[in-house]
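Two complexes come next, and they have one chain in common, chain A, joined by chain B in the first and chain C in the second.
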Partner chain A sequence: MLSKKIEENIFKALMITATLIVLLSSVFIIITILIKGLPAMNLDMITKTPKGGYYLGKSGGILNAIVGSLILTGGATLVSIFFSLPVALYANVYADKSSKIVAFSRVSLDVLWGVPSIVYGAFGFTIMLFFGLKASLLGGIITVALLIFPIMSRAMDEVIRMVPQELLNSSYALGATKFETALKVVVRQSLPGILSAVLIAFGRGIGDAASVIFTAGFSDRIPFSLFEPAATLPLAVFFQLGTPFPEVQERAYASALILTIIVFLVSIGSRILIRRYSKHVIK
Partner chain B sequence: MEPTSHINVQDLNVYYGNTQALKDININIPDKQITAIIGPSGCGKTTLLRTFNRLVDTVDGIRVTGKVFVDGEDIFDPKADVTLIRKKMGLLSQRPYPLPMSIFDNVAYGPKIHGIKKKKILEGIVENHLKIASLWDEVKDRLHEPASRLSIGQQQRLCLARGLAVEPEIILADEPTSALDPKSSLYIENRFRELRSEYSIVMVTHILRQAKRLADYIIFLYLGELIEHGPVNEIFENPKEERTREYIKGVIS
Partner chain C sequence: MQHKRLVKDKLVRSIMWLSTIFCILLVILIGLALYQKSRSILAMKSLTDLLFSSSWHPLKGEFGFFPFIMGTLWVTCTAVVISVPLSFFTAIYLSEYAPKAVREWAKPVIDLLAGIPSVIYGVWGILVIVPLTKDYIAPFFGKHSAGYSVFAAGIVLAVMIFPVIIHVSIEVFRSVSFELREASWALGATKWQTIKHVVVRKALPGIIAANVLGFTRAFGETMAVLMVAGNVARVPASILDPAYPLPALIANNYGEMLSIPLYDSALLMAALILFVVVLSFSILSRFALVRVERGSE
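Moving on, here comes the complex of A and B:
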């Protein structure tokens, strides 16, 4: 009896420690960003493009990077949804459970998940060279879509895999085709999970610097076409942090703070959506 | 082949990989009656039921030989349209699985995919079939609430209404009361008694008393073989086969 209790306590302690480490690290990062970034925060930061020189500008704001990041990651997320959802639906509704192609794809996607984003950047750059594309919003969108596709498709795959076969059967039994079942039953049943997958992928995409450094380039203007280079927040942080000027470095932390706030707001927004769509889910 | 029978099974064999689940089944399912498939667990009851609407197709590594005729059409013919076959049959499973949508949309789902678009007509269909399933009075004020909020007994009646809304000729039921409380079970059994004048009902059950009080015709399966079939009185009072007698007495299970 006593040994059971000790065992229980040891595991409890381990879990609490792990939770605390993760929690404290995030709190520590956020506090760092706040302390170092808040002095440089002002309304200009989010309403103006950089002034006084190139993008390292000491005045003005980083509206170029905010808009660039939102359009780029938003576009990449949309592109990725159009590929991820069919892949996840095919793997779980159409293919045999024992399908070798599906098993192989899952392993491949898991491997791609671990590939460093700079490799995606280089790969995207090669594709762009092939098509004669310069560093541009479009190049960035394609590359970030490639970067987040494995994450999104595998996350969707895992939630769609949870849909009970009996639920599919009850749709088939009414004479529905696989397509109707996939679209009207499977997607609705797993919608909260699908939204989470999109959120995770968006978060990964908007925070990534290495994939966009060659492909989207950087610009101190707001992009007005898909073929113009676009600034992104992670690169704004990276460049500003790399300067020897303390006041510019301060602005890097403010930029990081803005990025964190964007991710936070998107996360809150999608959580509200997820809750709204959860009520129909059959347990 | 008897022309009066909706479902006619000839030399049916079903294999899951290397194991044979059904062996040389030959049977006519009587029309406008309740047929109960009985037998011990793992004897192939559910498999037999699921060959009728080809839900066995969804199982990996399954192989079917022989013929199943529904209204004279061999449903395992490669040219057969599986969605039309399934439309002829409503299915009730062991545990109700409402679709992840509102109560109204659950019943309207079948008619919608079969081409009915007009809202007025759909409203009529939904009301009518919820009444047949005796669920209407409980849900008429909250038709647009999620079906997931209904109790499990209500969900099973919703599934019945949903199945009937595609206007099938046959109702297939796989232990439809096994997850329900006694009162909800009674509800379902009473609906079946009313529906038997219009539909051919085939149900799998492991409750012998239920088979006795509800069914007109009994099919007894044992280890994938069709041992005996006949009217309920014959099977329960005067079984010809030793194994049927033993199963009914509870010697084998």
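Moving on, here comes the complex of A and C:
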């Protein structure tokens, strides 16, 4: 009788320890980035592009990478919406509930979700070789769009699936076509959820380095055309950290902090949207 | 007018159908494109030679992937060994024991962990785990290590895959019906006995699938590993040795790969290996998860 109580307590202690380790490790990461990043932060970091000798410790900032990342990921997110929304709408509005194609596409998306970003990078690179593109903003946009496509589609699928069938039926009963229903009822009803899916995908895209390392290249200038190489924040962190100069490494920490802040803002934004969304869902 | 609306509907239907087909085609397309590029090296060398030779000298035309494959396995297995028990107990605690308030606090924190970019994990690894390995862990075992090692990469990856395993495991535990637990409690079993003999047994395929998903995530992770694993092209002899996993190999050599013959083909073949392994594992784990969900209905 007693031994079973003891066993219970031992395992409960183990579980609480494990949970604490998991939770504290995330706090630990954030604190590390804050402690190292904050002292190295200054206005120049976010308002200037690298000047000559920046990577040797001379003045400048990483505006090129901030703008590059935002344009690249923004572009990729836009491209991805045009593929993801139709997939999610087809699965939930057009197709039969028992459609084999939809079931198969969901499995494919799950599989694509697990494909490492470096493989997308390599695949994007082969596409660019095929079309004779050099490492450029366009190459990066295509690759990141492919990378976040499964994430966005699955997230949209989840929210659109929540729209009650009765709502669709009432729209059909009024004589609306499926397309009109999809656009004016389904999309409108799930808009905050869809936007949140877009933000989740954006957050994932902006933090990824392995997919853009071959495809977007790196440049100290802000890109002005799709065919110029573009700098990205994760790579800026990586390259600055790779230099032997402590001043430049400090800037890598500041860049890491900037990246973390952007990712968190995006994640908080999507959370707020989800909360608002679940409030207004018609059940 | 009526006609126009119907035509529009038909048109949109086919566009959406095409996008759906695109999802399926993309998987095949990635595989084919990488295979197409790997063909030139596969034509020159036998597959066993490529996979099991340790000699990596691109300039001499020797491409043995063995040290990199072993590097990947060492790093990934270390991560899984560390992460699996911790994630398992955390998932059980959060789904079975934790009060509602704890659960509601823990969830966003774990989601936060999932959202941190891999390069940030890499920075954290360099700042914390690498010095820790070098100054405390290696001397503790009476060994010398530069810190950039299988162990450091394993720790960083373990933390990275916590959210993946925990998230899926919690879903799996939730899918075990509550009546089963009640029946076990009614027989006088404690909470832990119920978990051990009823919940875990029922959820086992799902838990394995969750861990396989974590494994595939660790297997293909690039940036964080590239930053802390040390990148020495030798099969690691111990956990404190440096390793050079496949994804790091690809990312590190993008610069010179077009200037050396067959090099690009070799690197894209490395990507193909990653793709095939991840593809097989994720299909297997998805099937297991679907079976668990069916079983719970």
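Here, the second predicted complex is superposed on the first by the 237 of 283 C-alpha atoms of A that agree within 3 Å, B and C clash if a C-alpha of one lies under 4 Å from a C-alpha of the other, contacts with A are read in each partner's own complex, and residues count from 1 in each chain.
Keep this in mind: contacts are C-beta pairs under 8 Å (C-beta built on N, C-alpha and C of every residue); 3 or more make two chains touch, one makes a residue touch a chain.
Computed from a prediction, not measured in an experiment: that's the story for all the values here.
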item: Contacts of A:Glu8 with chain B and chain C, given as first, second, both or neither; value: second
item: First, second, both or neither for A:Ser98, with chain B first and chain C second; value: first
item: Which of chain B and chain C A:Leu167 touches, first, second, both or neither; value: first
item: Partner chain(s) touched by A:Gln189 [first = chain B, second = chain C, both, neither]; value: first
item: Chain A residues touched - chain C or chain B, whichever exceeds; value: C
item: Partner chain(s) touched by A:Thr177 [first = chain B, second = chain C, both, neither]; value: both
item: First (chain B), second (chain C), both or neither touched by A:Phe245; value: neither
item: Contacts on chain A seen with chain B and repeated with chain C across the two complexes; value: 177, 180
item: Partner chain A, residues of chain B touching it in the complex; value: 53, 55, 58, 60-61, 83-84, 86-87, 89-91, 93, 95, 97-102, 109-110, 113-114, 146-149, 159, 162-163, 166, 172
item: Residue ranges of chain A in contact with chain C within the complex; value: 4-5, 7-8, 11-12, 14-19, 21-23, 25-30, 32-33, 36, 83, 86-87, 89-91, 94-95, 101-102, 104-105, 107-112, 114-123, 125-127, 146, 149-150, 153, 177-180, 182, 203-204, 206-210, 213-214, 234-235, 237-238, 241, 252-253, 256, 259-260, 263-264, 267, 271
item: Complex contacts: residues of chain A adjacent to chain B; value: 96-98, 164-177, 180, 184-185, 188-189, 279-283
item: Residue numbers on chain C that touch chain A, as the complex places them; value: 5-6, 8-9, 12-13, 15-17, 19-24, 26-27, 30, 33-34, 36-37, 85-90, 92-94, 97-98, 106, 108-113, 115-124, 126-128, 159, 162, 166, 190-193, 213, 216-217, 219-223, 227, 247, 250-251, 254, 267-268, 271, 274-275, 278-279, 281-283, 286
